[in-house]
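See the structures that follow.
In the two assemblies presented below, subunit A is common to both, partnered first by subunit B and then by subunit C.
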Partner chain A sequence: MRHLVRPAQYVALCFYIVFLGFPLLWLISASLKSSGELNSLTVSLIPQDVEWGNYSAALERQGLVRSAWNSAIVALVSTALVLLIALPGAYVLARLKGLVRGMGVGWILVSQVFPVILIILPLFLILRTIGLTDSLVGLTLVHTTYTLPFALWMLQGYVSSIPIELEEAGSMDGASRLTVLRQIVFPLLMPGVVATAMFSFVSSWNEFFFALVLLQSPENYTLPITLKMFIGGEGKVALGPLAAGAVLAAIPSIVFFSIMQKRLTGGLLSGAVKG
Partner chain B sequence: MKTRGASIAACLTIGTLFLTACGSGGDSDAGGDSGPITLKFQSLSDQPAAIAATESIVSDWNEANPDVQVEIVPAGWDGIYDKLITQFNGGAAPDIIHYEAASIVPFAADGYLADLSEYMSDEFRADVPEGILNAVTVDDKVIAYPTELQSYMVFANKTLLDAAGVAIPTGETMTWDEMRAIAQATTKDGTYGLGWGLKSPTAAYMSFAPGFGGTYFEGSGADATLSIGEGEMAVPNLVDAMAFEDRSILPVTLSQTGSETLATFYAGQVAMTIQGSFQAANIATDAPEGFDWIVLPPLEGSEGAQQAANPQTLSVNIDSAHVEESAEFIEFFTQTDNLAALNEADALIPATTSAQEALAAKLGTENGWDVILSSGQHLVSAPYLFVDAYAQWKDTVATPAYQRFLAQEIDADGVATELTTGWEEITK
Partner chain C sequence: MTAPTVEAGPRPTAPAPQRPKPRRTGGMARSKRREAIALVIPSLLPILVLSVAPLLVGVGLAFTDARLVRNPEYAFVGMDNFVRLADNSFFWDSFRIGMIWAVSVTLLQLVAAMGLALLLNSDLKLQGLTRVLALIPWAMPPVVVAIMWRMIYSPNAGPLNAFLGSVGLPDDINWLADFSTALPAVIVVGIWVGMPQTTVTLLAGLQQIPDELHEAAAIDGANAWRRFTAVTLPSLRPIITSITSLNFIWNFNSFSLVYVLTEGGPGGRTMLPMLYTYLEAFKNRNIGYAAAMGVVLVVVVVLLLAIYLWSQFRQDRDSTGK
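This part shows the complex of A and B:
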C-alpha cells in the first residue's frame, strides 16, 4: 500500500498543476486564435490557425510597451518604498509592547476598512493641491500608502517568528543593536522581505482604480488601464488582442516571480508558522 | 560585498528609471496668453478604425485652426463614470467629453455641463431627428451633441430561411408576428428559429417598448413615476411565448450575452438572432466562409417600429475656459462627412439624417447597412434617460425580475408586481 502513496501524490500534483496552469494555457491559446474561431462553438486548446496578428495588434494599438514600462517603474519604486518604511515599522510593531503597538495595529486595521471609492475623491483633491495628479510620482505614493498597512502586518508576523533570544544572545556577545539587526535579524527576515516585496509588486502591478482616476494622459497610463481599453462600449471586446496583451503583460510578473521564487518559498513557510 | 553592490546598483537604477519616467509627465495645457488654445478631448473610441477616424477629424481641425488646437485624451468605457465623477469634483475634467446620453444626463442635472443651445447651428438642429435631440435636452438646454446610435436588428441565416420555405420580408418594417412565424417555421431538426442573448434583458425590453406604446416612466428626475402595462409587457410576454409555447428560442441563449449568442448563429443552431446593429461588422468578419446572412427589416409593434435610443454624445465641461471654442470643435466634428466616417468605422448609425444618407449612398446594401440605417429613422428618446433612480432600479429590480420571468420562476403578473414594488421601495 505504501508504494502507491508516492505515485498518488504525483498524480494529485499533476492535477493541481493543470488546475492552476489551465487559465494561463487558455489565455495563450486565445491569444493565438482568430476572431472567427474565438466566436465559434468549437472548443479547443490548440488554435486551428495560429493568428500572430493579435500580438502585433496588441502592441500597435494602445501603447502597450509604454504602459508596461510605466507599470514596472511604479511597481518597483512603490515596492522599494514600502519595504523601506515597513521594515523598521514592522520591527517596532513586533518587538515593542504597549500603546505604540496598540495604536499601530489599530491604524493598520482601520485603514483596511475604507473602500477605495470612498477615499478616491479626497485623495484626488489632495494630490491635485500638491500637483501630483496625472503623475507617476503621485500614483507611486498612492500605491505605497495603500499597500503599506498590509505589508506592515505581514512583516511584523515574520519579525515575531524570530526568537527574541537570538537578539539577546547577540547582545550578550557584545554586538551593538545595529549589528544585531544587520547580522542576525535581517538575514533571518529575508524570506519575509521577499514575500512582502512580491505582494507589494503584484498589488501595484495589477492596480486599476487609482490609476484610472488619477492618470489623465495616455503617456502615463499603466498596464491595467491600457488593457481595459480593449473592452469597448456596446459590449465590444477585442478578445484576441486583449488575450495577447494580457499574455505580454504577465511576462514581467512571471520573470519577477521566477527570480524571487526560491526565496519566496522560504518566506511563505516562515510566515506559515507564525503568521 | 557582491550582494551589497548589486543592491546599491539596483536602487540607483530604479531611482534613475523613476525620475526618467516621471520626467515625461506634465501638464500639456495651453501655452501663454499669446499661444494657441489647447482643448482636451476625452475620447472613448475603442475600435482601431474609429480611433483612426477620430484622429483624422481632429487632425483636420488642428490644421484649419492653428489658434485652437485639440488634443485627444483616450480613455476606456470601463470605469469612465467613476473617473468623470472624480474629474468633475476635482476640477480636472477635460474640455470636451465623449460619453452616452443615459450616463451623461445625470452630470448635466448636477450642473457640470455647458448649455450648448446657443452654439448649436440651425443646420445641425434640423438634421437631427427630434427624438434624438430630445435625448440630449435637459430642462430645455442642449447638453450634448448626439453622434452615434445603435438599434436592435434581426440578423438571419438566409440558407436556413430558404430551406424552411420562408418568404423573406422585404418591406420597410417587419411585424413581431411575422418574426415569430418565421421562427416557428425554421424551428426543426435541432435548429431553433431564434437566438436572443437576454442575460441582461432590461435594455432590450425597454428599447422595444415604444413600438408597443410602452413608456415605463412618466415625469423626470426624482418625480418620475413607473407604470407597467400592456405596452411595457408586450415584448417580455412575446419572448415567454416563443421560448415556452412555441419553443422556437434556443433556451441557452436566454442566459447569454448578445456576443455569446453569435456563436450559435454561426454554427447554424439558430436561424435568426436579435443583436445590436453594430454586430453587422463582427458578423462580416467572424462568420464562417460561405455563411449567407442578411439583416431583416426593423421590428414593428402595434404602435410602430420605434426603438428607444441612447446616443453617444459629445459635451462640454461647464468649467472649461473655452466653452465656445469647444462647441465650435464639436460642430465641426459632427459635420456630415465626419459623422459618416466615424459611424462607418464603429459600425453604428449616425445621429444626423444627412450622415445616414451619406453612409447609405456610400455603402449601399453591403452587410445590411441599408436596412440598419433605415432603422435610424425610428429611434426616439428613451424616457428612462431623465429618471434619477433608473440605473439603480434597472440593476437591482428590473434585471433580476426579468431573469426570474425568463427562468419561469414568476409569471407576467409577478414581474409587473416586482417591477412596481421595487420602484416604490427605491423611491420612497
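This part shows the complex of A and C:
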C-alpha cells in the first residue's frame, strides 16, 4: 500500500502540470503556426513549421503597439499616484490605534466587496462632466481609485511589520520625525513599496472593465481592449496574430510576477493573517 | 518680568486644579497628538475623496432615476428601483447564475488548490516547474486567459475536441455556445485563473504547521487521511476561511473573463450579475437602476459572508471550548 503513494502523487502532479500548463503551451504554439495550419483539421501541439510572421503581423497591424504604449503610460502614472497617496496613508493607518485605524481597515475590506459597477458609475458621471471619459487621463484616475484600497492594505501590512521600537529609538537619539521616517522607516519599507508598485502596475496593465466602459476611440484603446477587438468584428478572426498579441500582452505581468513571487505572496499573507 | 505673565496668561482660564502634576506629560501628549493629526488628515483625505466618496455616491445613485443621457436630470425616487428590481426575472436569473458560478468556482478552486498545495509540500521532483506553472495564470491578463481558452474550446480546431475524438468520444461539442456546456466550461476557466493564489496561500499555511504535530499523530497511529483531517485541516482553518471569503467576493464580482469568453451567451446562460448590470448601465443607459442592482448584490454578498464567517467563528469557538 505504502509504495503506491509516491506514484499516485506523481500522477496527480502530472495532471496538475497539464491542466495548468497546457493552455499556455497551446497559445504559444498557435502564435507560431501558419494560418493554413490553424484552419486545417489536423490538430497538433507542435507547429509543422515555426512561423514568426504572426508576431510581426500583430505588431504591424491593428494598433497593437500604440495600445501597448497607452497601457504602459496609464499603468506607470497610476502606480506613481497610488504610491504617493497610499504611502502616508498606510503609515498612518498602521501606526494609529483605536477608532480611526478600525474604520480605515474596515473601509479597505468593505471596498473589496463593492462590485466594479458601483465604482464606475459615479466616476463615469464625474469624468463626463469634466470631459475625461474617452481619455487616458480619466482612465488613469479610475485605475488609481480602484487600486488604492488594496495597495493601502498591502502597505499597512508592511509598515506594521516594522517594530515601532526602532522609530522610538531613533527619536530618543534626537532624530526628527522626518529623519526617522526617511532614514529608518523608508529603507525597511522599500521591499513592500516595490511589491505594491508592481502589484499596482500589473493590475492596471491587465485591467479590462474600466477601459471598456471609458474608452471609445481606437487611438485611446489599451492593450486588453485592442485584443478584445481582435476577436469581435471582422468576421473570421486572424487566430495567429491574435495569439501572438496575447502572448506579448502577457509578458510584462509574467516577468513581474516571477521576480516578485516570494515577496508578493508574503505581502498578501501578512495582510490576510494579521487582520 | 512681563514675559512669564504673558506665557502664563492662558493658565488661569484652564482648569488647573484638575491636572496639577502631569502638566508636562500632558503637554507632550497633546503636542504629539497635534502632530499626529497634522499627519493623519492630509494622508487620509485623498483616500476619502478618491475611494470613500465615489462609492457612497454610487450607492446614492441607486435611489435616483439617473439615466446616461446628454443633460442628465435626476430625481430622488426612494425605493422605486428596488421595487422594480424585485419583479425583474432577468436580474434574478443572472443572480442565480452568478451564485452557481461563484460557489462552484470557489469550492472547486479550494479543493484543487488544496491538492496541489499538499503535493508541493511533500518533497517530489518537478516542484520548481509546478511552482512556476502555478503562478502563471495569476499573472495573465483576463483578456489573454479568455482568448487562450476560446482556442482550447474551439469546436473545430480546438485541442479539447481533438483529444475527445481521439479517445472515441463525441468531438463536435461547441463548448462555449452550447446551452448545457457553456456554464461548466466557463467555471473550469474560473478555477484555472484563481487556483494559483489559493494554492500559494494554502502552501504558506501548510509550511507553518509544525512537523511535531504530524509526527505525534503518526505515533498515535493516525493514517494519512486521519492526519489530514485531524491536524492539517484544523491548523489551516483560519487561512481557508479568509481565502474562501476573498475568492467568493472576487468570483461573484468578476466580469472580464466571462465577458470575453461568452459575452453572457448563449441565451444568457453565462450572464453573470456584473455582465447584466454593465448592460443595464451602458447599453440600456439606466444607471440609477443599475446602481440599485449593484447595491442589492453588495447586500447579499455581505450577508452571505457574515453568515459564513459567523459559522466559522462559532465552530472555532466550539472546537477550542471542548
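The rule is short, and it goes like this: the second predicted complex is superposed on the first by the 205 of 275 C-alpha atoms of A that agree within 3 Å, B and C clash if a C-alpha of one lies under 4 Å from a C-alpha of the other, contacts with A are read in each partner's own complex, and residues count from 1 in each chain.
The definition used in the following text is that contacts are C-beta pairs under 8 Å (C-beta built on N, C-alpha and C of every residue); 3 or more make two chains touch, one makes a residue touch a chain.
As the structure is a computational prediction, the values presented were derived from the model and not from experiment.
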Which superposed partner A:20 touches (first subunit B, second subunit C, both, neither): second
Subunit B versus subunit C as contact partner of A:186, first or second or both or neither: neither
Which superposed partner A:219 touches (first subunit B, second subunit C, both, neither): first
First, second, both or neither for A:10, with subunit B first and subunit C second: second
A:35 touches, of subunit B and subunit C: first, second, both or neither? first
Partner touching more residues of subunit A, whether subunit B or subunit C: C
Touched partner set for A:228, first subunit B, second subunit C, both or neither: both
Partner chain in contact with A:134 - subunit B first, subunit C second, else both or neither: first
Which superposed partner A:69 touches (first subunit B, second subunit C, both, neither): first
Which of subunit B and subunit C A:249 touches, first, second, both or neither: second
Shared subunit A surface residues [contacts with subunit B and with subunit C]: 38-41, 117, 120-121, 124-125, 208-209, 212-213, 228, 230-231
Residues of subunit A that touch subunit B when the two form their complex: 35-36, 38-41, 57, 61-62, 69-70, 73, 76-77, 80, 117, 120-121, 124-125, 128, 133-137, 140, 208-209, 212-213, 216-220, 225, 228-238
Residue ranges of subunit A in contact with subunit C within the complex: 5-6, 9-10, 12-13, 16-17, 19-24, 26-27, 30, 38-41, 43, 45, 85, 88-89, 91-93, 96, 100, 104, 107, 111-126, 144-145, 148-149, 152, 177, 202, 205-206, 208-209, 212-213, 223-224, 227-228, 230-231, 239, 242-243, 246-247, 249-250, 253-254, 256-258, 261, 265, 268-269, 272-273
In the complex, subunit B residues that touch subunit A: 11, 14-15, 17-18, 21-22, 24-25, 27-28, 44, 46-48, 51, 73-79, 82-83, 85-87, 89-92, 94, 100, 150, 257-259, 262-264, 266-267, 269, 276, 278, 282, 285-288, 312, 348
Footprint of subunit A on subunit C - complex, ascending: 35-36, 39-40, 42-44, 46-47, 50-52, 54-55, 57-59, 61, 66, 68, 72, 112, 115-116, 119, 122, 124, 126, 129-144, 147-152, 156-159, 162, 192, 195, 197, 200-201, 204, 224, 238-239, 242-243, 246, 249, 252-253, 255-256, 259-260, 273-274, 277-278, 281-282, 287, 290-291, 293-295, 297-298, 301-302, 305
